[in-house]
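The letters A, B, C and D name the chains in turn, as written, and every chain counts its residues from 1.
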Amino acid sequence: MSGRLTVFRPRLFPRMEIPTALLANAIIAGLLLGGFYAAVSVGVSISFGMLDVVNIAHPAFIILGSYIAYIVNDRLGFDPIVVSLALSPLFFLLGTAIYRVYYLCFERRGQESLRGLAFFFGILFITEVALVLVFGVDYRMVSTRYSDVTWRAGEVDFPMRLVVPFLVSMAMVVGVQLLLTRTFFGRAVLAVAQDQLALRLMGVNPVRVKELAFGLSIATAGVAGAFLIVIQPVQPAIGREFIGLAFAVCVLGGMGSIWGTLLGAFVLGIAESFTSTFFGPSWAPAVSFGLLLATLAFKPSGLLGR
Amino acid sequence: MPGRSFPPVLGRALGALAIAFGLTCAALAQQPLKIGFGMSLTGPLAGNGKAALIAMEIWRDDVNAKGGILGRNVEFVYYDDQTSPATVPGIYTKLLDVDKVDLVVSGYGTNVIAPAMPIMMQRNLTFMTLFGLNVNSKFKYDRYFQIMPAGPDPAIGWSQGFFEVAMSLNPKPRTVAIVGADAEYPAMALEGARAHIKRLGLKVVYDKTYPPNTVDYSPIVRAIQATNPEIVFVASYPPDSAGIVRAANEVGLKTRIFGGGLVGPQFAALKTQLGPLLNGVVNYEFYAPDLGKKFPFLDQFLAKYQARAAKEGVDPLGFYLPPYAYAMMQVLEQAIKATGGLDQAKLAEHIHESEFDTFVGKVRFAANGEWASSRVMMTQYSGISGNDVEQFKKPGHITVLYPSEYKTGSVKAPYHENRK
Amino acid sequence: MAEALLEVRGVTKRFGGFTALEKVDFLVRPGERVGLIGPNGSGKSTLVNCIAGTLRNEEGSIRFEGRDIGGHPAHRRTRLGLARSFQIPKPFGSMTVLDNLCVPLLYAARTHEELARSRIVEEATHILEQVGLADRARAMSGGLTQVDMRKLELARAMAAKPKLLISDEAMAGLSASEVDDVLALLSGLKEQGVAVIMIEHVMRAVMKFSERIAVLVAGRKIADGDPQSVVGNAEVVRAYLGE
Amino acid sequence: MSNKAFAAVAFVVALALAVASQLITNEYFFTAGYTVLLFVILATAWNILGGYTGYVNFGSAAFFAIGAYTTVALYNAFKAPLAVMIVSGTLVAGLAGLGLGYLTLRLRGVFFAIASLALAVVLYVFVVNWDFVGGARGAYILQPREVPFGMPRYIHLIYSVQLLMAALALVVARATERSTLGRGLAAIRDDELAAECSGVPTLRLKIFSAMMSCALMGMAGTTFPYYLSYVEPSSAFSLSYAVNSIAMPLIGGMMSWIGPLIGAVLLGTVQQLVQVTVSSAWNLLIVGALLVLFVTLAPNGIMGWVEARRRRKEH
């Protein structure tokens, strides 16, 4: 079989032979993974990058989204992603409520940096424990019609388990970007990030804008949660793994830029899939987070940062 | 008047005291036998910890129903170790010095056994442990005993069956890929696999590890496929077992034999999650329903266990850990009865010398406290359809390939033709 | 003519495509009182930030006492004797008013002046008396009134024992009598040989205080001279009153 | 009290406690005490950067693990004496803190927080792949059979060592707080720009405080392998160290050295009690709930609350 594989030779390492199919698959797998990472990070990009709210509990809301998608799927059999989209207004409301508390307790008093952080840390644990108490610590997973379907184009596979979340995620990210650039609300959000005074002159209450934007951020977390449980089994504490990842994507791509977040997600996805395919998978997290450290040290504004 | 009623009150009080004293004396003779341990009731291994606890409680109730041990009722004192080793020294010193338990046994897994070892060794206690991986190789403590049936050298015993089965294929395979998670058990299993590979003169074409929280396993499986191995040995924990089996199906992994050390398919959760994706996978198990007659007492235990497990939301099958948790207590029970007391030296000596008849069969311990011989069964899944849990309670889906005394069928290869 | 204390030459600062300062020259002599005026957004604060070292200019040079300080971080400039106050007060909110002054006394004043540790509190109290905050010395600075915060801001800059003090709109929101107090205070610095750059919108104060006035409009310096001539300058009038 | 006097008192008290404790026969006292002291050091160390300077370090576990794994490496290399391990672990962790600080403390505080998180992941992967210290399989560290100073068990020794190290951490923290350095750090926390313009060399001070804070965290980890006998990466890098080292100063109060001490003793003891009583997921819930409660209702912790009451009484 290996005899008829076409081979790609990198110019830098002429002795290295990389089967073209492996390379193509690594790129596709990286992009699909990146699509999921984008969904995980887009909310953080809004809250952290634009609103300056360091919500490290974001992954906890993702896991909450996973479990809600799981219950509805388990009881009623609806597709988890459809469920999450239908329930996203609820997450939106949850987000606005949490921002209210956050604003009243911290931002208004100018204490957001440290205590706000601790507040979200607390929320992270409370959510986690609540999920443990309700569902136990076992891994949960949903099966959908496309879970075990793989579409093949030549030698490249497209597992639907990743393709479906990828497509919905792309639609969501593009939707968020359009919302932010094409609507009055969006421009107000961008103004919050840059110039609160101008915003007041526009006659808009920045707190209200931030509240809505934070709601949007949590709504994306709910949807990302449904992706997660389609892709892999979920247990309550798994969210912690994504804290670093979500912030890494945002910082790598450039704070406050949705396209930057998308790019950062693809970079990390491809870095992970390349490390897994060609070197040792064990080093994948070190490569991703090493990239982040290098970005922080040498180009802290990120790839597409303002 | 108070003054006048004083003597009778005093008399009554004295009488009551005398009765109470008598009762205390009686109670002293009948004081319960307290057994202490830490168990993972929260944290990543809580599922297993809870299942083990249920099995041990069933044992306690069985023993107490028969009048206890040496006429003493058995009582448990246990604390949640949160699957965190850092909690273990505190728990065991509390059990021994504050709760004054008569005996201690371990919680589930290497992580929480090892930190208790120094305490046991300083006090010369006999220590029965549950599913530790070669913990005693460094401590070399002669009162340590372990109930998982991996044999005197667990690393070797673990994959012995897998490689025996692989080498029984015709023609003999020559290339092998091994992969596992970056964690304690997979690292040990891979080490054992490497030893077998070296012994058998196989050629390693892939030998890598991955972080257990990987989201997408398909790049790993593709990288393995690119090396065209005839054997793929995997050592993984439940979430990554699921990820790898899934990826093997998506990528369409072509190899002759696949599996070996996947932790997870032993439990109902993963059996039902993966369902038909498990077909063709060769993997270790400690029990299969096809073996019913070879473990005559296990059925009674499983019936009791499954009834309680359903209520408490833990592994509803109970083929893996619970019978061994029960057996661990049986060994202790038999040793106490045989030595007629709690003398730790005598207990250890007896356990070393004797053979124990337990629900998981006859058990004998090697000098290092592990089982004298390995009984890790290598099995192959087949004919699984849908995600229903009931099918796994019935014979016919798990064929035992190894060891020969339990063999119920032969391996079907190559893997990719038995998938689905 | 005495040698220049501060010499700014051809300083240019851009933010993205926007040029905030364009080839600005600016000179302050020892002990001189200079007013710096200009409409909102004319680049006054940017110039102050470039001088103080909180922003880096892309082009041009900044020399202090003949030494090029363009590459120095802000704290080194303060230690050389170049202190500033902030337009929006930035007190060290968790400290008392007195402790606020101890920071520059410990970190800046002592680097160029003999000042025993034991005399620091005494010195701080002295400065607080000068600005009229002595009775608030033990109060937490976070709880001060706006007026007191402005006074503290100035006092903290003075505590660095500067040779040049840049006062960034210290008088905004003060009453007429308070403005006079601050003016007297700043004028008093002249006796100690401290040069002052005053950025101010209160024209009355600027006129009264300054020996010389520089005018920035849209990032360019359009006038620099004695107060009377600057006020009479046609370009300045146009910039201020519109055409 | 002068720094020297305080240091003298702290070490005498620690020594006296260490000696007096030897009379206790109950070993549980020592294991529980060791854990609480571990958190006292971690919380005090974290507070030097987090509380005094205002820079949040999410990577406490990483620096703790550096200390622990330095011990493992030295044990595997040549069974070095405990004192050597303690000093080396402290130094290595301090160097790591210096490096991280140098790279990221120029940026806004939140970037430092994220970088510390990233460093924890990178170090974790490094340790997992480093076979010399046991890699993913973990390493066994055997407690010596002979215990010096005539102590009955090894836990008595590491408990006593931990007491002295806690005293050291408190002395360092208090001296820092009351020195010119401490005033500079407080100025940075309150307003970094104003601090810089008041002549405070902010970057140098931040890096220095990061180095000290991380070094002390490393020190806390050096005896840990002996306490557990078995160290593997996921327990050494456990999130609970990161969480507790943030939660304890927040609950106790971050402005002074005494806050983290109170927070650690309080929360550490509560956790020990919860563990052997209610025994369940409640442990994490308690930390989470206390965090949320304290930051919303008593934002300056117990000490802040006491301070505010004292002030109110004075007026």
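Rule of thumb we're sticking to: a residue touches a chain if its C-beta (ideal position, glycine included) is under 8 Å from a C-beta of that chain, and two chains touch if they have at least 3 such contacts.
Just so you know, these numbers come straight off a predicted model, no measurement behind them.
Leaving out chain A only, with every other chain where it is, the touch network remains one piece.
Graph distance from chain A to chain C, where chains that touch are one step apart, equals 2. When chain centres are defined as mean Cα coordinates, C lies farthest from chain B. Interface comparison, A-B against C-D: more C-beta pairs in contact at A-B. Chain D has the Cα centre that lies closest to the mean of all protein Cα atoms in view. Taking the mean of the C-alpha atoms as each chain's centre, chain A and chain B sit 37 Å apart.
Averaged C-alpha coordinates put the centre of chain C at 43 Å from the centre of chain D. The distance from the centre of chain B to the centre of chain C, each centre being the mean of the chain's C-alpha atoms, comes to 74 Å.
Chain A and chain D have Cα centroids lying 32 Å from one another. Counting partner chains per residue, chain A has residues 132, 280, 282, 285 touching two or more of them. Contact of a single residue of chain C with at least two other chains is seen at no position. In chain B, the residues touching two or more other chains are 42, 182, 209, 211. In terms of inter-chain touching, the protein chains here follow a pattern that is not a line, ring, star or complete graph.
Here the touching chains pair up as A-B, A-D, B-D, C-D.
Against chain B, the residues of chain A that register as touching in their complex are 1-2, 19, 22, 25-26, 29-30, 32-33, 36, 132, 136-139, 141, 143, 148, 150, 157, 159, 161-162, 231-233, 235, 237-238, 241, 272-274, 276-278, 280-282, 284-285.
Those residues of chain C that touch chain D in the shared complex are 52, 54, 73-76, 78-79, 83-84, 86, 90-95, 99, 102-104, 106-109, 111, 156, 159-160. Only residues 48, 54, 101, 105-106, 109, 111, 113-119, 121-126, 128-129, 132-133, 240, 243-244, 247-248, 251, 280, 282-283, 285-286, 288-290, 292-293, 296-297, 300 of chain A touch chain D when the two sit together in their complex.
Remark: chain B residues 42-44, 46-47, 182, 208-211, 213-216, 218-220, 222-223, 226, 228, 238-239, 242-243, 246, 249-252, 269, 273, 277, 313-314, 387 touch chain A in the complex.
Those residues of chain D lying in contact with chain C across their complex are 180, 183-184, 186-187, 189-191, 193-203, 255.
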